[in-house]
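Pasting the structures here.
Common to both upcoming complexes is subunit A, partnered first by subunit B, then by subunit C.
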Partner chain A sequence: MTDAIRIRSLTYRTGREFALRGLDLTVPSGSVYGFLGPNGSGKTTTIKSLMGMLPPDDGTIDLLGHRVPDDVVPALARVGYVPERLHLYPALSVDETMRYHAAFYPRWDAREGDRLKRAFALRGDALVGRLSKGEAGKLMLLLALAVRPELLVLDEPTDGLDPVVRRDVLSAIVDYVAASKATVFISSHLVHEQERICDWVGLLDDGRMVAELPMSEFRAGVKRLRVRGASAPAGAGESAGAGLGAGAGAGAGAGAGATIATLPFRVLARRTLIGSDEEWVVRDWRPDMRGAFAALLPGSTLREVEDLDLEDSFVELLSAARARGQITTDGREAA
Partner chain B sequence: MFVAMLRAQWVWTRAIMLFFLAAGFALPVLSVPMSARFGIGWISANGYVEVGGMIGLLVAITVCLAAVALVVQNWSVDDRGRHVYALSLPIARRRYLLYRLGGGFLLLGMLAVAVWLGGAVAAGLLELPESLHAYPASLALRALMAAWLVHAIGFLVRFGAGQRARGVVFGALILLFLFVLLPAETLPAPLTWLSLASRALVLPGGPFGILVSPWSFIDV
Partner chain C sequence: MFDRIDPRSPTPLYAQIAGRLRVAVAAGELRAGDALPSVRALASQLRINPATVAQAYRELEQDGTVEMRQGAGTFVSCVPTERKRRDRAAEARRLVQEMLAAGTRLGIAADELSRALHDAMQETRK
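Coming up: the complex of A and B.
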């Protein structure tokens, strides 16, 4: 399988500040990739770089096999793009905007455009500048979908929309992907929304990738554990493991002498509760580890395993990365 | 693509363009009532020439304003969206800019046609002394050249993006015309060449010559 988007070591500065710091990102073809990150983390800058609008200071970007920005034009003809804010010409009507847009895209599907216009209840003679936020969002999506793109790049497409419009927009995206097997790169901070439609997820913070992994792994593998008897200095990440055992190399299921670093799951965050109870947030958890927990960490008892939804997982991953001050590109903790 | 861009440009500039088209047509026609008080004797020839010169000057100002307004309007539609739409379209930037510039030239061409039509109507209605003639085609051609020149400069300055770059270019243009107006001999020696160079630019045949050469609609 080829990658629809491949970014390596992308660095972009705005003045003296880093907006992106050595960003690595891979979007497999045919996937629906959720690009998550808090406000100001660099999502829109990444997308603008991807679309050839911001030339990178360093690193490489490949979009549908074309190097960006040098060879971006043929790639853009195969991309449907919905930016963060309304970017269309306010003096043009909906129909005029569709005709204008169609002139640039050889794959423009006029019938699909008309179908979506009816489905979105957009009036052809309405001026773009007078559309409501919801109507403008629908028009931008219409334009992106009617070019029959191989890749949809959506920058916060549902931000600020009411639930009904949001549902219409998401349905249109899902329908298109189901019919065309297109790749979708969707940026948002609305984590629950991403959970419903994405099969890959990338977490961005402060211009760096915190984690990039399949959604199934993300959803199933991040848990909150309640552990008793694992006496150790509280902390997060590798510092949390420091007190659990001296030395290394006991390996998974090694029993005595095991450290957090050698456990088959990774501890992202650790908090002391009442008494000797602790709460751990872990990654790469598997159901079979529950029975083997006592053997993994002798003297400790696993009292509870709680599923985290994507939003909690997102917050925990970000918190852990910030606490460590180290951010990884593939979800692995930095050495 | 070009047709779509031209159509879009027309949509967002049509209010301005219609005003200037009307002005471009009406100004030469104005020469008819303005010269109604003159007879057709040779003594009144100066009056006709003065009216023709005034009309020419007004046409020159009108087409230059139209060219500037077109540049401003054309760029402001993209400024509002921070150029995101234009940059996301699958077209090479150079080609996009050329189409935009070309679209502006065509719209200004319409203005020149309006000037020519107005001039032709006026020429048909004017009863001029034998020694004088109306020059609608020449006026329209001058209008076209001047409008294109101003539009191209405005486009270049606007494309030059940064406010500092714009300031430098505008400053340079102001200095240029200032040195045209100042007699070379009154300037200190190091600045004399600047005055001479400035004058060379606006002499007939120079790049800005069209703007300062006589624009008379009625002449011998």
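Coming up: the complex of A and C.
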């Protein structure tokens, strides 16, 4: 088994609204997977479904080789889970909370728990209800790590924490990964943190996976181009990027016209700058395309290839996906 | 030493770490026999994926900058002076290219940059 998490066509409705619309997600074993998406895109719903807390309306979920929710229990013993919100009893002390938690996990490692308690400077007799937000965050991570999990599932683990605590939390996660080779699944909208530690990225929007790929490809393949004199057919305009999608094939966006559609990379967005200069955001870019650009689009010059960081790429991919969604629902797809 | 490691830079993190260490060796900041931090320690310190650090160390091992001794750790090798000179030159070239690219973006020509560099050097000498 090579995938720690495998979700296919997952659909979940809250009332008449769709929270997840046919979500596909694959987390390879041993990866550190960053699950990115804006607030309200369905990250927490996905994680709750994964942990067996929300039965899917459609689709399948496999967690460490076990089908969820029917067969989730044996998988959960091997998963360390840090939920989005504090889920602990405020009247228990830190030590009591650790003992209580240990009772549910046969793999609980008391020595590791004590080591982390010292590393996080948590007092054993402190009441959970009196902990600061940062201390509570550390305690939740401690509980997840002392289980010695094969898979660590973290829902916004650093959200709302101050920079010092955030560093401690991330260091502890990295240290655990280095020592254990565990798989980590981190949801967050804090893109820069993900950029440091993740080697896979899944980008969620409106209950769908917009893009899922190794971080290195994500970083290498999404670029901003400055193009002069591109003679694209009228109407291609903003929607030239219709071809974006997690899967291949959608590439030749119908509204894009012949020139753009036949390019070996995908244009996510086009904006007019000054004069005949345009700014393109592209996906699937390779360095050798720079030299071949004039041949690909006769009459045009490629003036600059600019690298994008994860946050820029994130924003561009999202807006392209949303533009595509509107085109489809409006039925304006055919040019 | 790694305060300039920037996850937002287009250069992959492993290449930044390898590059930084290579320059440290070339400039004499690290000497033959010095121990590098363990993969786990450096990853945790920098809060980056341990695989990224391991990849950087592998690259440095392949080009002869460091050697990995089983069970003992990773140590700086004895790098020939000529190699160090080339590594320093490569780093200087990289810095200049960065500056040229920034100039292009802002519409400042290479000869203007060159003049400014020259002036700045004169001022430092005084």
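As a convention for this text, the second predicted complex is superposed on the first by the 299 of 335 C-alpha atoms of A that agree within 3 Å, B and C clash if a C-alpha of one lies under 4 Å from a C-alpha of the other, contacts with A are read in each partner's own complex, and residues count from 1 in each chain.
Here is the rule we go by: a residue touches a chain if its C-beta (ideal position, glycine included) is under 8 Å from a C-beta of that chain, and two chains touch if they have at least 3 such contacts.
Here the structure is a predicted model, which is why all the values come from computation and not from measurement.
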Using the touch definition from the top, say if A:A179 reaches subunit B (first), subunit C (second), both or neither.
-> second
I'd like to know which partner A:I197 touches here: subunit B for first, subunit C for second, both or neither.
second
- Message: On the A-aligned overlay, A:E96 touches which partner chain: subunit B = first, subunit C = second, or both, or neither?
- Response: first
Which superposed partner A:S276 touches (first subunit B, second subunit C, both, neither):
neither
Legend entry - First (subunit B), second (subunit C), both or neither touched by A:M53: first
Examine A:H87 and indicate which partner it touches, taking first as subunit B and second as subunit C; both and neither are also allowed.
first
With the two complexes superposed on chain A, say which partner A:A77 touches: subunit B (first), subunit C (second), both, or neither. first
| said: Tell me the contact category for A:S132 with respect to subunit B and subunit C: first, second, both or neither. | reply: neither
Interface residues of subunit A shared by subunit B and subunit C, listed none
So, in the complex, the side of subunit C touching subunit A is made of residues 7-10, 12-13, 39-40, 43-52, 104-105
Touching subunit A in the complex, subunit B uses residues 1, 3-5, 7-8, 11-12, 77, 80-85, 87-92
The subunit A residues in contact with subunit C across the complex are 32, 167, 170-172, 174-175, 177-179, 192-193, 195-199, 216, 219, 304, 307, 309-311
Subunit A contacts subunit B in the complex at 48, 51-53, 73-77, 79, 81, 83, 85-92, 96, 99-100, 102-105
